[in-house]
Every structure is written in C-alpha cells, then in structure tokens.
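Here the structure is laid out as structure tokens; the discussion comes afterwards.
Chain naming follows the written order as A, B, C and D, and within any one chain the residues start at number 1.
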Amino acid sequence: MTVKTLAYNIPFISIFLMMIAAIITPVLPKRHRIPEKLSCICLFIVAVLSGYLIYALDTANGDIAFNFPVGHYPAPWGNELRAGLLEAVLAFCYSIAMLLSLTGNFQSTAEDIPERRRSFYCVLMNLLAASLLALTYANDIFTSYVFIEINTIAACSIVAVKNSASTIRAALRYLIMSLVGSGLVLISICLLYDLTGHLLMQPMHTKIIELVKNGKYIFPLTVSLALITAGLAIKSALYPFSFWLPDAHGSSTNASSAVLSGLVLKGHIFLIIKLFLRVFGLDVIEALRMDKVIFILGVTAMIMGSVHALKQLNIKRMIAWSSVAQVGYIFLGLGLNSVEGISAACLHIIVHACVKPMLFTSAGGLSAAADHLKSLHDLLGTFYINKWAGLGFVAGACSMMGIPGFAGFASKISLTMASFDSPLIIWSLAALALSSVLNALYYVPAMIAILTGTDEKIHGVHEKIIIPLSFKISIGMFIALNFYLGLRFVPLLRLIMRGVNIFG
Amino acid sequence: MIAKLLINHYEAVAVILSGIGLANLLLQRNLIKVYLFLAAKGWVSERAAPILLKDGSEWVMDVDKYVNPIPAGLVLTGIVVSVSVTAFALALTLRFYEKYGSLNIDSALSQMTKEQEILEAEAALKVDIGDNIS
Amino acid sequence: MNDGLKKFLLDFYNWVTGNGARTENEDAMTELPPVLPFTMEPDKIQSRFHEKTLQERRKDWINLHGLSVFSILYRSFSIITCVVIVGLLLITVSELPPFGDENNPANNEVIDRYIKLGGNETGAQNIVAGMILDYRAFDTFGESAVLFTGAVSVLMILSAARRKNDEPKNKLHSGFNDRNFLKRAPPIHELKDDDAILRGVASLSIPAIILMGCVVIINGHLTPGGGFSGGAVLSTALILCANAYGFKKVHEFFNERTYIFSSSSALLIYALSKGYSFFTGANHIESGIPIGTIGNIFSAGLILPLNICVGIIVAGTLYGVYALFSEGEI
Amino acid sequence: MIRIIIGGFFLLSGLFALGIATLGMYRYSTMLNRVHVAAKCDTLGALFMLIGLIIFSGINFFSLKLFMVLLFLWLSNPVASHLIARAEVRTNTNLHEVCDFIEQENLKDDVNN
C-alpha cells in the first residue's frame, strides 16, 4: 500500500488528534463541561477513522499492512509507526470502549470530581488514549517505552483524582509497582540495544534471529526477554504481581476503573504480544522456553483471580479481581504460542475491553441507586431501581461466565479451539473449564443479589432516581456490542487471524 | 567472568546501583527513601559516554571520531521521565502524609484496617436501628 | 445507661485502637471517644459484641501479628529477589559486548548515517540535538508529553485540593490528620524579616542565570545543551527569585494562568510544527523548511524553535512543581 | 616546572581542605556544626583547586571560564550554607538543647543597645 491515501495517515492522525486535544484542554473554558465534550468528540473521530482504516485494509488487495515513517527518514534511522489489520481493530475497539465509558460515567464523574480538577482529568484521559494508540501502532521499542511512561503517570493520577485516603494509598502502591515494571523494561531495552544495535522492531528481529542462529549472546537475550516480560507483566497485572490492582481499580471513580481495567492493562499486554511476534519471533520464544512460563502464569492467574474474587463482598473489588482472572485468559492464549492462540488472545482483549467497562459502569449505576454503598448486601434489589444498570450488569456477568450468545463465549470458544492444536491441550481445557465454573460462582450470586428485592423496591415504592440519557445510550451501546461480539465473532476472528499472520 | 566484568565495569556499576535502588524500593517502608530507586534508574541508561562534535577548520564527519549518539538520547529521556515521575510521586506522598500523618505505608495499612473495622461496626449499628424502626 | 456494658465497650474500643490503661480513669469513661457512635441504646449494641467466632479470632490474630509476619516474609522475599536480579544482571553484563569496542553491534549503519550525514541532513552541529529533534523526533515529542503529564498530575493533585481545603467527609480520618505538623516549619520566604544577603546575591546572579539559560537554549543545536537543560537553568532563576523576593513577586508576572497558557501554547507550537514535518515526511512532500549553514545560529531548520518551546515548558514546569510543593499553588 | 610545583601545591591544599570538610561531616553531630565545616572548607577547597587549575592552564579563555566558575561558587556557596543554617535555626524547636544561641529579636536589641 504505497498510495498516500487518507487511510495511510490514519495512525498518525489519531495519535496526534488525542495529543493536541490533551494539550489545548487546560486553556479551554471549564464551563458547560466543554473539556469532556472535546475528549468525547475526539475519541469519536478516532473511532470513525479507525473503522475506515479497517475497511480500507480489509478491502485492499495483496499487502495489508504498511509502515508509516514519522519524519523524513526511513526505517532504521527515524521513528516508525506500523498499521495492519490487528492494530486497526484494536485501535477501533479502544476508542469505542473509552468513548462509551466516558459518556456512561458522565454523571458519576461530575459527582466525584470537583470542577477544577475535571479539566485536568480530561487532559489525563486524552493523554491515556494517545498513549494507548501509540502503544498499539508504535514500531519502535523506545517509543513504546516513552509512551508506557505517559501511560503510567496518567493512569496513576486518574486513580488519585478522587482525593480520598484510600485512593491516594492505592495510587501510591500502583505507582510503586509500575515503577518496578518500567525499571525492568528500561534495563531490558538497554540490554537489547547493546546486543542488537537497533531500536526499531524489524531490524532488531533480523539481528536477534542471526544471534540465535550463531548461538551468540544467548544468555543476555534470555535475561532481557525475561526482564521485559516481567516488567510488562507487572504493569498488566499478571497474577503474582497483581496485588495492586484491586485497590487501584476498586477504589477509584467509575470512569477511571472502567478505563484502567478495560484498556490500560490491554495496552501493556498488546506490547508483550508485539514483542513476542515481531521482536523475538515465535521460534525464538519457544527456543528460550518463555511460552511455558507464560502459560503456567496465565493458568494460575485464571484460577487465583477467581478465587480472590469469590472472597470479595465489595462489588467493585469483585469485578477488579475478575479482571485478574481475565488477564490470565489472555496470557493462556499467548502461552499456546501459535497463531490461533494469539488470535484468540487478541479476541479476548477486545471482548474484555468491551465487557469490563460495561460492568464497572453499571456497577457504578447500581451503587448510586443504593446510596453509593458498594457491598453486595446493600445492592439487594437495585436492579429495579436502575434497570439500565441492572441489565448492563446481567449482560456483562453472563458474558464473563461464557454463556453462548454473549461476548465472553466467543473468546472462550476460540481459546478452546486454539488449544486443540497445542501439546498443552489437557491443561488448557481443564483450566478453562475450572475457571468458567469459578466465574459463575461469584457472578451468579451477584446477579441474584441485584435481582432479589423487597416488594417496595420491585413495585417502585422508592424515590425515583433520574437516569441520564448518556448513561442509557452508553449501556445500550455496550449491550449491543456485547451481543454483536457474541453472535458474529467468526468474521472478526478471521480478521484478527489475518492480522496476526502478517504481524510477525 | 571477573575479567569480563572489569572490561564492562561501567555496566557492572550501573547494574549494582540499580540493584541497590530496587532493594530500596522494595524494602524501605519510608516512602521518601523509596524514590531513591528513580535516581538509580536514571543511572542505568547512563552507560556510554555521549557527545562531542569536533570542529577543525572543516567539518569532520568521520565515524571514528565520535561516540555513539543514541545512548545520549536515551539518557536524556530517562532523566526527563525520572524528573516527572519523581515530582508526581512526591505530590502523592504529600497527600498521603496529610491523610494518614505518616510516611510509612505499612502503619498506614494497619490504621486502615482498624478504621474499616470501626466503619463496619457503625454500618452494622445502622442496620440494627433500621430493622427496629421498620 | 448500663455502666458495666459501657466500660466493656470502652475496653473493647481501646483494645482495638491499642491504647489501653485509660479505662482506670473515671473521667475517660464520661468522655467517650468521638469516633464510635455511642449515642444509641446500649442493648442494641450488645448484639454486635458477642462471643468471638473462629473467623473473628483469625482476623484479630492477623491484626495483631499479621503485619510483623508479613513484613519478615516480605523483607526476605525482596532481598532474595534483588540479589537474584543483580546476580543475573551481573552475569549478563559479563557476557555483553565489551565496552567501547569498535566492533560492537551498536556501532552499525544507523550511527554511520547519523554521524556522516547528520550535519548535512539536519543542519545541526550537535549530532545529539539533530538525532533527538529530527531523526527520532517522535520520541522526544513523547518525552515532552511525559513532562506535561507529570506537571498536569501534580497540579491536579496538589493545587486544586489545597485551595478548597476539602476535609475528608468522614470524621474518622481526622484522627490521622496531622496538618499542623506540616505547617510547623514555615518556609523561609514567609518570615517577616528580609534576608539582605540572599537578596543581594540574588540580584547579582539572577540576570547571569537567565543569560546562561538563554545561551544554552539558543545554542542547543550547536553545543551540548538544549531545551531541557536550558529550561532547567531558567527555572532555577525563577526559584531563586521566589525565595529572595517572595512568591508574591513572582506571582506578578508568573502565575498559574500564565503557566498553563505558556506551556500549553509552547507544546502546541511544538506539536503542530513537528506534526507538519512528520506529515510531510511520511507522505514524501518537501517540507520547505530551510536548513541553513551548519554552525550558524539560524540553522538546523526547526530545531531552534523547538528548543525554545521545550525550554519554556521545562522552565515553567520545574518552577511550578517547586511552587506547588512549597506554597500549594503556583 | 615552577608552574607545576605551584599548581600542584594549590591542588594538594585544595584536596586537603576538602578532606577536612568530609572529616568534619562525620566528626560533628549537630546540623549547625556540619554546615559550618562544609561551608568553610568547601569554599576554601574550591578556591585552591580552581587557582591550581588556572595556574596549570595559564592565561587563556579556559582559565577565564574557570575564574567565572570560582566567582559563582564564591557567591552561591556561602549564601546556600547561610540559608540552610537559617532554616535550621528557624525550624528546629529543640535547638536550645544542643547549643546556646541568641534569639534574633534579642540580637536586634543588643545591637540597638
């Protein structure tokens, strides 16, 4: 694709649009919630552009990925962005999910955050979106590091924005863990640069293949792979490193929880996928035995995340621990170390990015109906007070349990299909089954809790709460997406598989 | 191995420093001291001696005359990142101190659990009263 | 009110909060701690403090001993982790290509072009400036964005809350607030008598510092230095001014509005100009920006204005962070 | 030759002063003593070192730069130490336990009298 069409410029335009939105937000007037509207509009434009990019790449014949040199200099000298089907699909999904979680929590954000802070909050959200897009498109390992740092600072401060004691503590722990993670990533990048002499992914890949073939520097390569994977795993809350997550995601304001759980974790996971496929290559990963480690950690996360979620009474903390389990699914797909497995993992990234924000948004709506209490006991019968939130929660819970027709089913079935070709089939199937049962064990009681209510709640003898239109639209869109993903996932999976095939 | 380490002594020192920083990060319960890690992190990238552009009467553009400029860029980025992360972390710590009156994240933790217990007792009391009224 | 029950509740409260021995005092009985809502009828409270179940005992034990056990485990775990990581890295370092060797993998065609053609392609005498602001400008743009993100976060966390002085809604937190301690040490500039020594030296050195900062920024493409270091120098001038003449003096020409406006617009100029050059570069359009002759002040295309923008951002941000920490507002 | 001897003498005495400063930092336990030692010896040490370097390099542009460095060090170092000591006197409420000092108001009275 050498024609300089609009599609060719979309990756660059979408990153820059979010950046410029972030830069001009502080000088905008704070009245009428202009900053938030600006971010929503920009996210919408990015979503439309990414949708067009998917269309253009899908209908293009032949080569369906291109490199975009950022600046006047070609590959090994200047920075580069790369866009293919996979990146386009992910960017589309990120922007849609972020847009919906911002609009859905329009009201709760206004309640939680004073007006003066809200403008800065929007700046950080825009920066977060820009860094996620950049992490998706970047073809340069050092660019990725810079945007990881933006992501870290912005993510920690959108946790701390609520300014209560618990959120400050959660943000501090999150920050400290993230710093360990980015320190490891930085050390590893230095090592890789020392070994290969490149920072761009493709030249690095050829050099690494050459080194492995000659048997040179195998040990430093292994160490740097382990360090960078560990660093990114800490940031994406793989199980043993995930103790910061429930505090951070459970105590922050709803929009932050939705974005952090649904998208920020995924940005780092996608970077791991990129590293595995494009920098090291699946053969090298297998030779260095990294896939087995990832597989075992993924299975542990799937089970232990659910076990921890079982113990929670606070609904937001429960959903946060469920995120840990879902991250485990993605790592399981990665650990299968095949194109099918990685495609299933990517599908699960998308599914989770669409479902988890919906769960957090509707949990926020439910707890708003119960005087902002978050314990499951207090949420009894809240379904009948805020039906939209109730419906959203039920749909999300069904999806997380993997009931056919809902989005979660799509990724679970594709993970199952992918594991048929793998030598680890028994383990992965057992883990999938066990984890589905465990998921049901905590989502079903939560559903029962919000559905059982006293008579006055069912028959509407309570003060009516006004559900804002934005909340309805967002939940409606989320549910529609959920069903779309659950019923028509095969074309999407095929699209992703095409993307993964040309990814390496 | 020792001989090789001596050749790469810059890297070795950087690695040991970053290890000390990491230990600080994990061990220190005092938040301010924790941020020493960041200073060590800056060191990691600072391994190769960076710039010089020499000027004879003509512009010398020969590879042998210069050191690799890329690490200089890495160092610069590392420093800037450290500065902004440190500022942010200190701001959070200030807030933390105002909320808990302590810089020790653990003692704050135990206070937190006590606090929660009292809160739970309070909530339970409320429930009792509500039952009685109805 | 049942006295025995009241005493028991007080005992329990003291046991929970860990300050015993106060129960002997009869006066303490009448002054119940304000934290617990003891205004209810005691027979309703009774149901709360029944015989302890196994789970409650476990919870108590964890409250009492959990922290120390956890910290011992945690310490040993982290020491082991650090030693392992450092050991691994030391072995790795010993296997790395030797330092300063000409045949290192890092000395490849990339460096060749940066050094051989860098001067002519970017017009910058300083290769590093040419590299970070032209070849790899996207990284540097991200870097300025990191600084911007940090500044916005600090501004959001510190300034907004402190001005409103919003107390936590829950009274329970007030016991752990120790704001007075923070205020015990007044900053130097708040004290009434002026420091003649500081002022004298400041009046001498501030112009010199500003001159130095400007030189470093403007010569960024010619000599080592540039926007980041020059901005840092400029920010020290601002900080010195604030300390010598008081923050009020600085407020007259530099307050939060000007800070936000200047750094936003500088970053916007940076982003737009760099965006233009990225866009033209990727689409193979001539950018039409003159490179000039190497070694002149007006050379190297966009690098000089970019350095000035970065300098403004860095100077404002560093001063702003300092002011936020010592004053609570810019 | 004579230049090397003189320059070397200055460098060595500078090193000696800096070494004394380091020793003093360990020797004294109170803040004010430490500031005193650090300020005096650092300033003196910097003076000797830079004079030594100037003598080594002779009169040229480089030694002008060194002279500027000297100037700014002599401006900033004492003032910085002064401010640190001031901050200590102002903020340390237990200061009277470790040393005798005159309150500033009293000091003014003394001067007036």
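Everything below uses one rule, namely that contacts are C-beta pairs under 8 Å (C-beta built on N, C-alpha and C of every residue); 3 or more make two chains touch, one makes a residue touch a chain.
Since the structure is predicted, the reported quantities are computational estimates derived from the model, not experimental observations.
S.K.: Would you kindly say which chain has the C-alpha centre located farthest from the C-alpha centre of subunit D?
M.R.: A
S.K.: Is the number of contacting C-beta pairs greater for A-C or for A-B?
M.R.: A-C
S.K.: Can you give the whole-Å distance between the Cα centres of subunit A and subunit B?
M.R.: Each chain reduced to its C-alpha mean, subunit A and subunit B end up 24 Å apart.
S.K.: Indicate the whole-number Å distance between the mean C-alpha point of subunit B and the mean C-alpha point of subunit D.
M.R.: 32
S.K.: Distance between subunit A and subunit D based on Cα centroids, please, to the nearest Å.
M.R.: Centre-to-centre distance between subunit A and subunit D: 56 Å.
S.K.: Send over the residues of subunit A in touch with two or more other chains.
M.R.: Touching at least two other chains: 142, 146, 149, 153, 156-157, 160, 163, 165, 187, 193.
S.K.: What parts of subunit D, by residue number, touch at least two of the other chains?
M.R.: none
S.K.: Where in subunit C do residues touch at least two different other chains?
M.R.: Counting only residues that touch two or more other chains, subunit C contributes 89, 91, 95-96, 106-107, 110-111, 114, 136, 139, 143, 146, 149-150, 153, 157, 161, 168, 173, 176.
S.K.: Got a list of which chains touch which?
M.R.: All chain pairs meeting the touch criterion are A-B, A-C, B-C, C-D.
S.K.: Hey, which residues of subunit C end up touching subunit B in the complex?
M.R.: Touch residues, subunit C against subunit B: 16-17, 35-37, 40, 44-45, 47-48, 63, 67, 71, 74-75, 78-79, 81-83, 85-86, 89-91, 93-96, 98-100, 102, 106-107, 110-112, 114-119, 125-128, 131-132, 136, 139-140, 143-144, 146-147, 149-151, 153-154, 157-158, 161, 168, 170, 172-173, 176-179, 181-182, 224, 228, 294-295, 318, 321, 324-325.
S.K.: Across the complex, what residues on subunit A touch subunit B?
M.R.: Spelled out, the residues of subunit A in touch with subunit B are 142, 145-146, 149, 152-153, 156-157, 160, 163, 165-166, 168-169, 171-173, 175-176, 179-180, 183, 186-187, 190, 193, 199.
S.K.: Quick check on the complex: what are the subunit C residues that touch subunit A?
M.R.: Per the stated touch rule, the residues are 88-89, 91-92, 95-97, 104-111, 113-114, 121, 134-139, 141-143, 145-146, 148-150, 152-153, 155-157, 160-161, 164, 166, 168, 173, 176, 260-261, 264-265, 267-268, 271-272, 275, 277-284, 287.
S.K.: Would you tell me which residues of subunit D are touching subunit C in their complex?
M.R.: Subunit D residues touching subunit C: 72, 75-76, 79, 82-83, 86-87, 90-91, 93, 104.
S.K.: Looking at the complex, which residues from subunit B come into contact with subunit A?
M.R.: That would be residues 18, 21-22, 25-26, 31, 34, 37-38, 41, 44-45, 47, 70-71, 74, 77-78, 81, 84-85, 88-89, 92-93, 95-96, 99-100, 105, 108-109, 112 of subunit B.
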